[in-house]
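Paired with subunit B in one complex and with subunit C in the other, subunit A is shared by the two complexes that follow.
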Partner chain A sequence: MAAHHTEIKARRNRRWIIFSLLPAATLFIVLTAFPVINLLGLSFFHVEWREGAAQFSLVGLDNFTRLFTQEDIFWAGVRNNIIFAVVAVSCQMVLGFSMALAVKTAGSRGRAALTGIFLLPIIVPPIVIGTMWRLIMGREFGLANTVLGLVGLGPVDWLGNPDLALASVIFVDVWHWTPFVFLLMLAGLESLDGEVLEAARIDTSGRWQQIRHVVLPMMMPTIVITLLFRVILSFKVFDEVYLLTSGGPGTATEVVNFSIYRTFFRQDQVGYGAAMSVVTLFSITLVIILARAFVQRRAARRQAAA
Partner chain B sequence: MSNVSLKGLKKSYGSVEVIPSLDLDIRSGEFVVLVGPSGSGKSTLLRMIAGLEAVNDGTVSVDGEDVTERDPGDRDMAMVFQSYALYPHMTVAENMTFALRMRGTGEATISKRLADALRMLSLEGLDQRKPGQLSGGQRQRVAMGRAIVRQPRVFLFDEPLSNLDAKLRARTRIELRGLHDKLGATSIFVTHDQIEAMTMADRIVLLDKGHIQQVGSPREIYEKPRNRFVASFIGSPEINLLEGDIRDEGGTIFFEQFALRGAWPDIQPGPYTLGVRPENFDISRAPLEGGVSLEVGAIEYTGSDTFVFGSSPLGELTVKIDADGQDMADGLRAGETLHVRPAAGAWHLFDASGSRVPEN
Partner chain C sequence: MHEVFKRKAQRGAVRALAVALLMSAGAGAASAQDKPTVSMAINQSPWLNSFVAMVDQYEKETGNVVELDVSPFGGLLEKIRNSVRASEGSYDIVNVNSLWLSEIYSGGFLAPLADIKADYKLAEGVLSYGNTTNWDSSALTFSADGALLGVPVNGNVQVLYYNTEIYDRLGLQPPKTWEELAANAKKIQEGGENYGFVPRSARDSIVYNFTPYVFSHDAAFFRISGPNEAEVVINSPEGLKALETYVGIATEAGPPGPGNIAQGELIQLIATGKGGQAIAVIAAWGQLQDPNSSRVVGKINAALLPAGPGGTVASSAGHWVAGIPKNVAPEKQEAALAFLDWFAQKQQQVEYVRAGGVPVRGDITSADLGDDAAFGFIEAYSENAQHAVMGLPFANAAEASDAMALSFNRAVIGELTPTQALNQAAADLAGVLERAGFKVSRLPDL
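For the complex of A and B:
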């Protein structure tokens, strides 16, 4: 009797779980999985606009063959994007972490002031950031060159020199996104056990030992999540490049997202653009899966060794 | 072994004075317990000695050497925290040897000291576990081990037993005191628990609002409390503090109806407070000469003793009936009347300012 009763209850409970999850799950599938499938489908077609309607013709793997054999600009973008991601994200992580440490150690008044100043760049809309930095980095009348001119240097063509343009874009991205990393790192630091940090102060001689052997290992979960997040976002960089250099000069600041945008919207090559998107999407997913597997394997190995 | 000397130590947070000015000398090899209610400044004082809290004024010296301005890591002190504060990402062995490794101590010394400490604390076989895989008692031992392997000049303990259950706490008290004696170390131990203070200390430092109320052996503190605060803080159940007048009747000193024969022959009459501990009463069912009646309110039987809480003409009283009086305690019910009288010589008298009136 009682067993029967619990069985009914369990079944009712299961039904409740399924029905309450259904709306969110449906929405997720429609909004996320469907566009990806649609994109995948599109990548096998050649699409032309004729008489106000799209004409689909199945071309099989042609788009992919073209991408891997004849394309130059996209692959320049991939190369730039990898440089961009590695350099910008490394700088953001180091700077953000250091700033968070500085704020954590500062007194309460200093903390409020520093947090306010550090957070300013995320509040500024991207369009304003692009315009602002173009004005600063402009060749003729830019603030940067004016200041350099005062000490007898320059002028430097920050955005027009192919050797400098990518570095300039990276600089703006670091300026833009470091506060975000800082915020996550500060939240992570605040959540560490205060007594453990005090124990570390007593057990170590010098701040570097505390950071290296206690703070960093304890912050690892936060660091990994932030890193992952920033790497993904840096492969999606668009607004800064669009506003500062539009990918130029030449392909100096071409990035993946910009190539896709141009192919899709400027050149109306929907099928080819879809193929680029699919390659990008699956590469990033693969990298994330491999990175996660690597981290988990390492954790498992350390556990086994212990 | 090292002595610790605090001179004119001051601490305030903004306008809030936590420790107005404090002097204390801790002898080499001594086990000193800082005890007091919450807000007494005992933890702040310990943290100032450790260097975790900045000092506004005054000095902390170890073996005559001023360490006030030194970093916590450069004072050669080890601390055991209330939450144990083990490094969650390190194994037991890594936790215990961390400070030595950071100081570049030789591999041979480290492994020898680790093995000694593991044996001393019965932690053998657990050295490769992470703190998350240990019980509360084991974590507490690891925290002690982390302090022991350093062989520091001074051990600091910040309520290290308060997260243990009652049984384990009682056992750990004895073990910790045993370790102290074996290592011959200087230990400073903070607690709010008077039982820990009484059972472990060579000397108790009783603090209230940042002021030292009394420094002395557990016996001195219990038997000769210097003021009302000390008398009521130490002892469980609390001492009875009775308000009344002292008068001189033909050479005999009376506190209300109690005759205080032999003590304080030259005392000034006037208002005083008489302190009598629950165990220092003569108790009888029949009226006692110079005693008061006690209407029984509540009875607490603890096994060895019985505590009776009731009201007398002089106010609420707590009296203890010990094992010898269990016959009397057996039939006792709330609402009945007993007669009690402070036992001769077990009186504590405090003047209007709360200070102890010394016996002649």
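For the complex of A and C:
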């Protein structure tokens, strides 16, 4: 009898779970899965407008074949995006973590002041950031070259020199997004167990040892999540490139999103643009899945060893 | 700006109400609204205020109302696409940039003006900018034999700007050929204070700016060789000479890093007096003569673009054409055409120039405008407008332009030789034409 009741209860529970999740799941499918499925479907078509109506021609894998065999600009964007992600995110992680540590150890007044200053770039709208840095980095009348000129250096063609342009865009991205990393790191540091930190302060011989052997391992979940966030966001970079260099000179600052934008909107090649989007989407998803699997396996191995 | 137009719309509504009341009282017939209100999608631009002044004048004269929906350049194309592709359009007039004309025309979205008003033709004197007001739907290109699909609303062609102070100091004459332009540029550059020539060579706009070099050298990007047949000819000896000239002037007598100079940087360099000369759109004239944004007011002159070896002159068309979509009511179409026709008449065009606009007629001279330095551009504009060309007159122009732009830009920044750049550009253009349904042939590689 008791077992029967338990079974009924469990069934009701399952139903409750299903019904309570249904609205959220439906919303997820409508807002997320449906556009992706639509995008995937579109990538097998060539779309043309004639006599005021859209003509869809099924082209199978042609768009993908063209992307993998005839396309140059998109793949230059992929290369730049990888460089961008590695360099920009590395800088942001190191700087953001250092800034969070500085704020954590500062006095209350210094803490408020530093937090305010460090967060400034993230509240500036991207359009303002692009315009502002374009003015600063301008070769002829830019502030950066004016300052360099005062000490007898320059002028440097920050955005027009193909060897420097990507580094300049990365610099602006680091300036823009380091506060985001700082904020997450500070939240992570604030949530660490004070007693453990106090014990570490007594047991370790120096500040560096304390950070390396106690703070960093305890912060690892926050660091991994932040890293994941930033890598994903760095592949979505668009506004800075659009406003600073439009992908040039040559393909020096081309990025994936800019290629997709140009193909989809400027050229109105929706099928081919969809193929680019699908390849990008699935590649990033694959990287995230592999990275997560790697981190989980490593954590499991550590736990087993412990 | 939105506030201004909201007020304008409110004013329009109040005016329409007042007109209705007057009509019901049997008075005010001369300025009564006799056509439905029309809405127009238009871009935010330096000449917008002059267009608004003409709309105000039209409303005052006729009692009819034109509402403007103003968008930035980048967003306007999407608004136009969304409207003309819908079953019922949001706009009765769409203002189409020359870059988008082939896409909008070939999509079959616009009503032939002769279908709205029988036998309608552009008024005598109105420019067609390389037949870009007409579209041949069987050959899929601009053609005088095609249907008339639009009325130009702002003429914007390239002119040669030169700094008269620098020219006078060095004893230079406005160049008639590319060789003379290059020689002037070198002399200015050698002075050490100014750049000899400011090229607009950023990737996004290089094809537009390279086009006059191509056509004045009697070359072309491609030629229609038959029904749905095209021959890619950009990699011809004439094309090579054009690119060598372009790269030579850009790199030998201009600012460093020309591969990232867009229109903004170009105007900045000329407006500050740093650049001695440049080829830019006539729409920049106002900015260069505005004391609030220019240090060279009264020192800039405009001239006809240099000719190629055979004496040919070409200027890239960058104008705006207003079209009337098929997916709006016939009475709205008629009202829209009535406004556009009124706007293109000579008297209105003279007023338009006085208000700061660039005319769409070739018969307006300084005699019509009076001896005012502010209108000093008009002769150079009219001359260049007569030589206006559309470099890529087919539906996939944007794709073709982007495909070739990379090669030309890489030639300017030294990553490719002009020969390599042309061969690559020819291959890329052939690919785009094939995808557009053309049977394509192309010249052998250089």
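We adopt the following convention: the second predicted complex is superposed on the first by the 289 of 306 C-alpha atoms of A that agree within 3 Å, B and C clash if a C-alpha of one lies under 4 Å from a C-alpha of the other, contacts with A are read in each partner's own complex, and residues count from 1 in each chain.
Throughout what follows, contacts are C-beta pairs under 8 Å (C-beta built on N, C-alpha and C of every residue); 3 or more make two chains touch, one makes a residue touch a chain.
Note that the coordinates shown come from a computational prediction; the quantities given were computed from them, not determined experimentally.
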- Task: Sticking to the clash and touch definitions up top, decide whether subunit B and subunit C on subunit A clash or fit.
- Result: fit
- Query: A:E140 contacts which: subunit B (first), subunit C (second), both, neither?
  - Reply: second
- Check the residue A:A54 against both partner chains and state whether it touches subunit B (first), subunit C (second), both, or neither. second
- Between subunit B (first) and subunit C (second), which does A:F19 come into contact with in this model arrangement: first, second, both, or neither? neither
- Message: For A:T204, using the defined touch cut-off, is the partner it touches subunit B, subunit C, both, or neither? Pick first, second, both or neither.
- Response: first
- Counting touched residues of subunit A, say whether subunit B or subunit C comes out ahead. C
- From subunit A, separation angle of subunit B and subunit C (C-alpha centres, steps of 10 degrees): 150
- Which of subunit B and subunit C A:V214 touches, first, second, both or neither: first
- Query: For A:E195, is the partner it touches subunit B (first), subunit C (second), both, or none of the two (neither)?
  - Reply: first
- Between subunit B and subunit C, what minimal C-alpha to C-alpha distance in angstrom results from the superposition? 52
- Item | Set intersection of subunit A contacts, subunit C complex versus subunit B complex | none
- Query: Given the complex with subunit C, which residues does subunit A contribute to the contact?
  - Reply: 49-54, 70, 72-73, 138-141, 157, 159-162, 165, 245-251, 262, 265-269
- Query: Residues of subunit B touching subunit A in their complex?
  - Reply: 50-52, 71-74, 77-79, 81-83, 85-89, 91, 98-99, 102-103, 128-130, 146, 150
- Message: Using the touch definition from the top, list the residues of subunit A that touch subunit B in their complex.
- Response: 193, 195-196, 198-206, 209, 213-214, 217-218, 220, 306
- subunit A touches which residues of subunit C in the complex? 77-78, 81, 84-85, 103, 106-109, 202-204, 255-262, 265, 268-269, 272, 274, 326-327, 396, 398-399, 402, 406, 409-410, 412-413, 415, 431
